[in-house]
Amino acid sequence: MRIDGRTNNQLRPIQFIRHYTKHAEGSVLVCFGDTKVLCTASIEAGVPRWLKGQGKGWLTAEYGMLPRATGTRTQREAARGKQSGRTQEIQRLIGRSLRAMLDLSKLGENTIYIDCDVIQADGGTRTASISGAAVALIDALECLQRDKKLSQDPLTGLVAAVSVGIKNSEALLDLNYAEDSTCDTDLNVVMTQAGGFIEIQGTAEDKSFSRQQADAMLSLAEAGIAEIITAQKQALGW
Amino acid sequence: MRIDGRTNNQLRPIQFIRHYTKHAEGSVLVCFGDTKVLCTASIEAGVPRWLKGQGKGWLTAEYGMLPRATGTRTQREAARGKQSGRTQEIQRLIGRSLRAMLDLSKLGENTIYIDCDVIQADGGTRTASISGAAVALIDALECLQRDKKLSQDPLTGLVAAVSVGIKNSEALLDLNYAEDSTCDTDLNVVMTQAGGFIEIQGTAEDKSFSRQQADAMLSLAEAGIAEIITAQKQALGW
Amino acid sequence: MRIDGRTNNQLRPIQFIRHYTKHAEGSVLVCFGDTKVLCTASIEAGVPRWLKGQGKGWLTAEYGMLPRATGTRTQREAARGKQSGRTQEIQRLIGRSLRAMLDLSKLGENTIYIDCDVIQADGGTRTASISGAAVALIDALECLQRDKKLSQDPLTGLVAAVSVGIKNSEALLDLNYAEDSTCDTDLNVVMTQAGGFIEIQGTAEDKSFSRQQADAMLSLAEAGIAEIITAQKQALGW
Amino acid sequence: MRIDGRTNNQLRPIQFIRHYTKHAEGSVLVCFGDTKVLCTASIEAGVPRWLKGQGKGWLTAEYGMLPRATGTRTQREAARGKQSGRTQEIQRLIGRSLRAMLDLSKLGENTIYIDCDVIQADGGTRTASISGAAVALIDALECLQRDKKLSQDPLTGLVAAVSVGIKNSEALLDLNYAEDSTCDTDLNVVMTQAGGFIEIQGTAEDKSFSRQQADAMLSLAEAGIAEIITAQKQALGW
Amino acid sequence: MRIDGRTNNQLRPIQFIRHYTKHAEGSVLVCFGDTKVLCTASIEAGVPRWLKGQGKGWLTAEYGMLPRATGTRTQREAARGKQSGRTQEIQRLIGRSLRAMLDLSKLGENTIYIDCDVIQADGGTRTASISGAAVALIDALECLQRDKKLSQDPLTGLVAAVSVGIKNSEALLDLNYAEDSTCDTDLNVVMTQAGGFIEIQGTAEDKSFSRQQADAMLSLAEAGIAEIITAQKQALGW
Amino acid sequence: MRIDGRTNNQLRPIQFIRHYTKHAEGSVLVCFGDTKVLCTASIEAGVPRWLKGQGKGWLTAEYGMLPRATGTRTQREAARGKQSGRTQEIQRLIGRSLRAMLDLSKLGENTIYIDCDVIQADGGTRTASISGAAVALIDALECLQRDKKLSQDPLTGLVAAVSVGIKNSEALLDLNYAEDSTCDTDLNVVMTQAGGFIEIQGTAEDKSFSRQQADAMLSLAEAGIAEIITAQKQALGW
């Protein structure tokens, strides 16, 4: 039994609260247990310079943590004057993952900004961000459609993400902070609604992991992501 | 009658939700109408270098806006690599105002970090931040007391803040965004529980204001702040 | 009697030396006692991107202190790689105050840069900057007129500024550094030639101030600013 | 057959030129085909502040590309004033991978800096960097031993890395730039000499990949890394 | 005859106004014609970290231009967030030149900061800065001596600097801006009171210069610097 | 006899390895003894904004050192977030020197980027950079000619550079690091193929130098540069 009473293949309680704030085209507060991330999707006409004139759209993502989202206060990146390597790594991952939901050539010359801001952190903030931002993106696309700004449907399907790990030689689904900081391996997996892999990022924290352990983690992730996608659909009323 | 149906001397609905997040010593979501700010107070042992060895404490504040707290997306300051002049001006104001709640010589060599992060903006974010952070600071001081880290009580009393303005020659209390962006003058006032002034910051946006108008605004602010302090006390169970 | 022998309502000796440097369209060395600020007004054709095509002009201000304008050397902001919060707060104040002298819609697509650089500091550098820059701005506008670059007169009148404070419960006009660093409250006031208020910025340094004290300070400021405007007019030969 | 005539499971010609420069404790020019990276390992007494007094060592890595290592010139990061997200992502990966070669508790309070600078890029610079830096690290450890600065052997074994990908539904080993920029999926794998996984980082560039494809890529990587480790040993005379 | 009526070997009118501002230990406004630079020398106890505990002192220099010291406004370096390459080149030159006036081992663990801020520019700002800062440094050393902070005299003598150039194949002394921007070669020379060379920095702007021209410029500089040193001595009452 | 057995007027072994990397239009590894610098010349269509529409070209240079090019590791400038004053000084020198090889009005609206990256440092990296970049520039110009992008020949001739110094009152040619760090004076000289001077930069490190010493150094540099130009021609097959 795990710290919080879950079985090895059990997700934390998951919640998607849509329309959490009023200005953004898509605004979702996603909760994976005590991890809470506000994910917004904002639409702006126009695309970055390198994409102009091609009739295609773009999606980019940014990630941040409120200074006291964590157990001890983290220095504010705006005050430090730069984003950490970790932040950049995560926001690049979110961007790549969310772009997998779209056929950008059908988006018109629009840019979608995904902002994932961690209100409270308890492990798995990057995978919660991806899963929540996917729902916010759907809401933003509906805005575009309602405003007649799309002639084709750019959506190719949902994506969702989860973390898995190896602790004491056992594979665990959806690590919370206490598990994440003591496990041997941490693997983040992003998949499409259709069951394809978008990203696999695994890191041995202390000792290397075997091919079987890799297999066990991937299987656990596949099952977990299927559940998350079900929850996303429910939230969306699909 | 005002845009949202209020009378000139009426505050928006005010709410202080304590313990909004779980890690911070003090954590308050403050709502002034649609303006929502998460205010946390974090305690760290030690003081800045220039204060070491004097047995005194320190309090400093930082302010931020989530990129899509606003009607159109604002660029993330962490990504731009610096805080705007507006942000710095506001966080310096918050810091000065909150320090007025404390006798720092009774705080011991502890530093309190106030973080005010705007989740949703609809005018008056700086005055909501001060009013909410005051409550979070009280909660953080109680943590210090519970942990026996204080030998004296550093608290001198609450502070609260409100904006007032002149629109069409009439003084209005607690401007929302629509009012703020069209009024002639915007005055932010910070006061103590005992009725003393801490800060007065008034700016004529388009045309100058008269001495009578200044007087009218100050009177309106005095009454409004008294109400806010009552709401703070209620939230604190005082 | 005050440290330097003045009465409570007495300004320091004030001087405006026009044409202090030869390149700028307006160049004024302003002295408020030992506080000496070089204020220049520079004209450039064109406006910032967000204002283009509207036929309107713009005015923006920057403020700096020479490293050894102060009693102990201050680190050079260019070497630190950023302007302090204090600097940004001050230059935003100067910009807002000086824009109150102009009807920007009559300026044509020109930008006026105000630069206030403190050569020697003895308290009140921001209010001296505003008062001196107002004179430099008049000289720069005359250059525009002489060069036939204006079809209408954008000038709406002079502005001037002064600091007032409370020390030992008495209101004092035009604080020098020794007074400024020991007073209880510091209030900066900016007014127009016509007697309207542009900015009021008051901060309780140590203990809060009462409504009566606020009133006393405002009255003192009104009288002081009237004297400064007289001195500006004399310097301009009006 | 592939662009450059290789079979799907064939590495490019691999070369490790030790002692490539004279100052560094370890200095290896690694070539994977036309990809050439200079990897140095530098030893400095002392550890970062957060590790002081624990008797342990540290290893950190930095990565850079000469501006014209690439087909078109890339802006110099030192001139831009910051490292890109891609650079930070890569150097964090290199650091984590190389730390897996060491038992840091046996290194003493020494820090090893790994610098990987790409002289010429043709795909797979991060995996070549890891493989080359592993050899440089061995040379640096020998310096420490020769200088009697180690009481225990911190080395736990070699690591090596390779990229694999899916192109036209076939798994390919060790992608060059032309393959990398046109393939559907790109997976970077880091393994130990003992056959354990350290890192798996896979990204679907355009379309998602299946579980079978993931399996095929991992198998290809296992075989490829075994060959690279053989080449490392040869270069080291093991 | 030159633009301003001087002969080829004639300096512009030179002036050293000591005690120009009141806070700095040494404060000199130096004028070379219309070039006016405020040079201050500030003393701080202590030395940079890399020099601690050696009983030696240090001298470092910074240089800046007020934004409107020039014919068209230059962007403020503090606002840009960095010093230009030109600024850094100049302040490094000033520092090296002024250190040549001192035996740092006799200065005690004190640091002298030289600040050269150009109030008005008309060519030769770096050489005026060096010549003026030399006088400010003497005044600062006297402060140290008056305060009994020196047990030995660290002064080894004055330095001074001048620019020379080639225009229409003729060597000219002390170029003003109009000459500087149209000449073929610009050479800056720094010498000691004893007639030794400290720095020679010559740049062919458009066409290269011959060995004879180099010789002619050096001779012109030697004579000019001797005159400047005479003026420095006069200003110092030596 | 010198440390490495050379006579006072003897260069170190000099080598120019052309086509050292495959992507750049010009790519030369230059070796002056143990100093090794990779010099590339990259061509891009277009010119900086301030030069647009004049039909002229531009050349600019950047300089860097690999962190472990030196005896002890130097912090990576990209990680520090800015280039040092020394780096900027050197790259400005390289740019000015290389522009002396070209009649920019005959280059068309093209920009040539010179990148000099020090692989291994042993004194004289800036003069080696200039001498090597000159050869790379010739190769890049040939690319332009081969691609029919030039209607006129912009080349005016080669430049080369060398350092000279005074040690124990003797003038030495081409200082290595050990000599450079112990000599009294260090002079860098850049000359054209036709024997004209482009740059002279001399600095007295510890004691000033006399006019005779300046003359002796210049003569030594003239002879050394003639030899280097002969070596450049040989490498180019001229």
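Chains: A, B, C, D, E and F, in written order; residue numbering restarts at 1 for each.
The rule is short, and it goes like this: contacts are C-beta pairs under 8 Å (C-beta built on N, C-alpha and C of every residue); 3 or more make two chains touch, one makes a residue touch a chain.
The UniProt protein names, listed by chain, are A, B, C, D, E, F = Ribonuclease PH.
Everything numeric here is computed off the predicted structure, so don't read it as measured data.
S.K.: Could you tell me which chains are in contact with subunit B and with subunit F alike?
M.R.: none
S.K.: Give the fewest steps needed to get from subunit A to subunit D, where each step moves from one chain to a chain it touches.
M.R.: 1
S.K.: What is the chain whose Cα centroid lies farthest from the Cα centroid of subunit B?
M.R.: F
S.K.: In terms of contact pairs by residue number, which of D-F, B-C or A-D shares over half with C-E?
M.R.: D-F
S.K.: For subunit B versus subunit D, what separation do you get between their C-alpha means, in angstrom?
M.R.: It comes to 50 Å between the two C-alpha centres.
S.K.: Could you state the distance in Å from the CA-based centre of subunit E to that of subunit F?
M.R.: 28
S.K.: Among all residues of subunit A, which ones touch two or more of the remaining chains?
M.R.: 81-82
S.K.: Please list every chain around the ring, with subunit A first and subunit D second.
M.R.: Here the ring, read from subunit A toward subunit D, comes out as A, D, F, E, C, B.
S.K.: Along subunit D, where are the residues that touch subunit A in the complex?
M.R.: Touch list, subunit D to subunit A: 82, 85-86, 88-89, 91-92, 96, 100, 187, 191-192, 194-204, 207-211, 214-215, 218, 222.
S.K.: If we count contacts the way the header does, which residues on subunit D are in touch with subunit F in the complex?
M.R.: Per the touch definition, subunit D meets subunit F at residues 21-24, 27, 34, 36, 38, 40, 42, 44, 62, 64, 66-73, 76-83, 87, 113, 115, 117, 119-121.
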